[in-house]
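Next come two complexes built around subunit A: one with subunit B, the other with subunit C.
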Partner chain A sequence: MKHWLRRQRALADYTLAAAARRKGKNIALVAVFSVVVFAVASAMFFAAALRTEARAVLAAAPEMIVQKLTLGRQEMIEAEAIEALRAIRGVAGAEGRLWGYFYDRINGANYTIMVAPAGEAAPAPGHVRIGEAIPKARGFTYATAPLFLSRHPGDLQKFVVDQTFGSESALVSADLVVMNEADFRAFFALPAGKFTDIAVRVRNEREIGTIVEKAARVLPEARFVTRAEIGRTYEKLFSWREGILTALAGAAMLAFAIFAAEKASGLSAEEAREIGILKAIGWDTRDVIAMKLWEGALISGGAFLIGTLAAYGHVFLAGGTLFAPVLKGWAVLYPDFPLTPAIDALQLTTLGLLTVVPYTAAVLVPIWRVASADPDRAMR
Partner chain B sequence: MSARRPTTPVFAAFGLLLALAGGAAVHAAARAPAEAARIAASAALVRDLGLTDLALFTEARFTRHPALADLATAFMDAPAALDHFPSGSLMPPPEPGQIGQYGQSALGVSAQEIAR
Partner chain C sequence: MITLQDVAKFYNEGRPNEVRALEGVNLALARGGVTVLKGPSGSGKTTLLSVIACMARPSAGRVAVAGEVVSSLPERYLTELRRTMFGFVFQRFNLIRGLSVLDNVLLPSVPLGGERGAVAARAMARLGALGLAEKAQMPVEYLSGGETQRAAIARALINEAPILIADEPTANLDGHLTGRFLEIVAGLKAEGKTVIMTSHDPRIWGAAGVDRVAVLEDGRVGAGGA
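Then we have the complex of A and B:
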């Protein structure tokens, strides 16, 4: 064992000494490889963290949302539908939800205005609870600054801010304005007895399919969105996002694989001569391949470690700065929250398979061809 | 034998990288309780207010609430008008089969019945 270790160390020594002769090229190789790993790993960590977050947070969402659709668009639903839904067996409760969007002409942001559901303490008339991104976007200069909302030129509604949701819940509350029902109906000039949609609580989640079926008979024109579907939507959304980022990084990966294969297969005359000399002084094919494997392992292993660590720092310490523009889109309000590291062995293995294996494969075959060639031919 | 073998600094660098990886693992583990509390706070708000979506993309109705968006979101402003928000290109369009029972319940008949 000791002998074997010494032999490997000597091979690694030789490899590094040989690599040092082409220092610039090899450093560039590791740097480019690290950047490729960094891009793929960042996309992976980011998407996985968001997916975990969404799954954990939305597990508490209402079991079912019932919307009314008219002309292919969502419409306000009548209060009668709530009674109809409550009458279905297995339904623990149905509440009309009131929420809508408000475009703030002052800063071009969109707010989600909603009414606190029954059972929750609603803000007093003229009072609101708001998400943490709103004071930031509006540039509130002091803690008790009121929120002024303008629906049209010449209109200004003042709301006293009771509470600003902390940044710990920013992911779900960044743009929220919670008010009471009377204020909401007055603000949006909404007639009584109309709701945005209906949240249905179900006694046994396994019955939800049956309940949807029954509800569809009572409310034929409604659309039912179950909690499982909400979860799936987000699962798919982040997978799609990860896919796009990985596809972009994949192009870089491919270019890199071509570059690596090029480098290995178009072994410079110098390298081929070197291998020829090694074989002439008694190295056999196995030794040459072991030496080259060391080279590949050091380059890809180093790049893998550097890229993965940089990605961890980027996503979880720096908040994914490079992805922020993509994520933010055109939105004025964006939740400011740290991501929870959610990395498992499967992810790291996938990352390794996506990056290290192509490189090793691209390098190995040409090396083997040269290594098994006749030393006389190689040196010529 | 020379004073320093070339593997010494390189292996030391690998050791350092592995130590950093260990540090990252420790960092993740140390942050876990605070993160769990943060997620619990968000989940509590979701439960209390009955929220359905993440406030990640606030620029448009269908990006703010993708789970509840109309099925024709991409064309909602005018016929054949494609979505003009960047995050729209990063979000998959909703699939009729995947979201809701809209297709079937609107017709009130199953696909087999239509076929018949």
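Then we have the complex of A and C:
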């Protein structure tokens, strides 16, 4: 073991000295490789962080949402449906929710207007709490600026802003306007006894299928959207966006693989002669390959480290500026929220397998071909 | 110590550009002493050294080193022989550019995994004996012709190989440096090492320390004098 370690140390020493001889070439290689790792890692980190955010949001969501459909489109649902749902065995609670969209002609943005959920203190009449994107979109010049919204009949209504939600909740609150029920009904001219949908809580989530079946018998015109279904939709959406970016990064990786293979297969006469010399003075094929593995580890490991750290900084510190439009989607009110780092060993291993292994393989094959020849032939 | 029996070496065998570098070579080299192979350019001297030093396999015939037939041994055994039995000084010395003299000298010891301090001390002692101690950290491309040759000799001897093989070692050296080289060879002979070299240089053939001169012509060893 001691002998093996000393041998590896000697090989690593030689590799470092040899790499220093081709400093410019190796630095260029590490730079190109780092950009490829950075692109792939950014896509992975971004999508994983968005999934984590979405899962955190979903964890607090009700197990089921009930919507009324007419001609296949969502309509306001009557208050009687709430009582019908509460009567189903296994349902822990059902609350009517009031929310809707408001198109702001001033800036072309859509706001989500909702009534404070049950259990949460509602704003006073004429007061609202708003998401952080709204003051930006409206160009508020001072913190206590009121919010004027054009009411359903066409007149303007003034709201006092009690609170602006922070960026930590921006994923769900950036475009939000929260008001009390009376203001909401007045603003949209919505009669009492009608709700946008109904949030249902169940005692045992594993029973959700049975509860949906029972609810469907009571409310045949309704649509039942479970939390698991929403989760799957999010998952598909993020996977699709991640796929676009991964395809782009994949193309970059392919270009890099061609570059690496070209570099490796085009072993210069000098490199081949050096391998011949090393063999002539007593190195065997394994020694040469071990030395090249050290060199590959130095280049690909260094690039992996640089690319991964840069991707971490890009996604979690700089907000993923370069890829955000692809991965977050487009909106007038763009949520500006810090992503929580969500990196695991599997991600890093996958990244390593996608980047380090192809490079090492591309480099080692031609080296092995030269190194397994007689020293005399390799030198010629 | 080294015997060659009906050794032949062909390059590009069976192709229009086939070269018959050696044919029917029979040679016996005893332990110790200095042997010089002489012959015109293209007579197969370098190829013969490569075959003797297990760097090229013969196309036909047998090569035995210390009584063991090595011409059919697998590559890993040949590597072991190159490490332990032979030190090679190439015609153009073949030091690796960009590395220091010391790093070049240490190269053959890398696969052996010896204790670095001890190997480096041995290398420095060898460089000191060859008058290169103060150039140990200098990149080899800055050495003069004679210094390069001595660095190549130090590298060939770092693993204490009993046989030194040198291919045209004085081809690019002036008379003074050739004399210095012969002094080194005499020192190695005194250490009990076997030296086999090729040379065009009459000063080498006629040198006092040379025990045998074999003549190579058209890939065959002639009745060269001793």
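Assume the second predicted complex is superposed on the first by the 348 of 380 C-alpha atoms of A that agree within 3 Å, B and C clash if a C-alpha of one lies under 4 Å from a C-alpha of the other, contacts with A are read in each partner's own complex, and residues count from 1 in each chain.
As a convention for this text, a contact is a pair of C-beta atoms (placed from the backbone, for glycine too) under 8 Å apart; a residue touches a chain by one contact, two chains touch by 3 or more.
Please read all numbers here as calculations on a predicted model, not as lab measurements.
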First (subunit B), second (subunit C), both or neither touched by A:17: both
Per the overlay, which chain contacts more subunit A residues, subunit B or subunit C? B
Report for A:107: first if it touches subunit B alone, second if subunit C alone, otherwise both or neither. neither
With both complexes overlaid on chain A, does A:9 touch subunit B (first), subunit C (second), both or neither? both
State whether A:73 touches subunit B only (first), subunit C only (second), both chains, or neither. first
Identify the partner contact of A:95: answer first if only subunit B is touched, second if only subunit C is, both if each is, neither if none is. first
Touching partner for A:220 - first (subunit B), second (subunit C), both, neither: first
Should A:350 be classified as contacting the first partner (subunit B), the second (subunit C), both, or neither? neither
Considering only touches as defined above, state whether A:166 meets subunit B (first), subunit C (second), both or neither. first
Pick out the shared contact residues on subunit A: the ones touching subunit B in one complex and subunit C in the other. 9, 17, 20
Any idea which subunit A residues touch subunit C in the complex? 3-4, 6-7, 9-11, 14, 17-18, 20-21, 273-274, 277-285, 287, 372, 374-377, 379
What residues on subunit A touch subunit B, complex-wise? 9, 12-13, 16-17, 20, 50, 53-54, 56-62, 65, 67, 69, 72-74, 95, 97, 101, 109-112, 114, 116-117, 120, 131, 133, 165-166, 168-176, 178, 197, 199, 212, 216, 220-225, 229-230, 232-234, 236-237, 240-241, 244, 298, 301-302, 305-306, 308-309, 312-313, 316, 326-327, 329-335, 337-338, 340-341, 343
Spell out the part of subunit C that touches subunit A in their complex, as residue ranges. 47, 50, 53, 55-57, 75-76, 79, 82-84, 88, 90, 94, 96-100, 103, 106-116, 155-156, 159
Can you tell me which positions in subunit B touch subunit A when the two form their complex? 5-7, 10, 13-14, 17-18, 20-21, 24, 27-28, 31-32, 35, 37-39, 41-61, 63-68, 70-72, 76, 85-87, 90-92, 94, 98-102, 104-106, 108
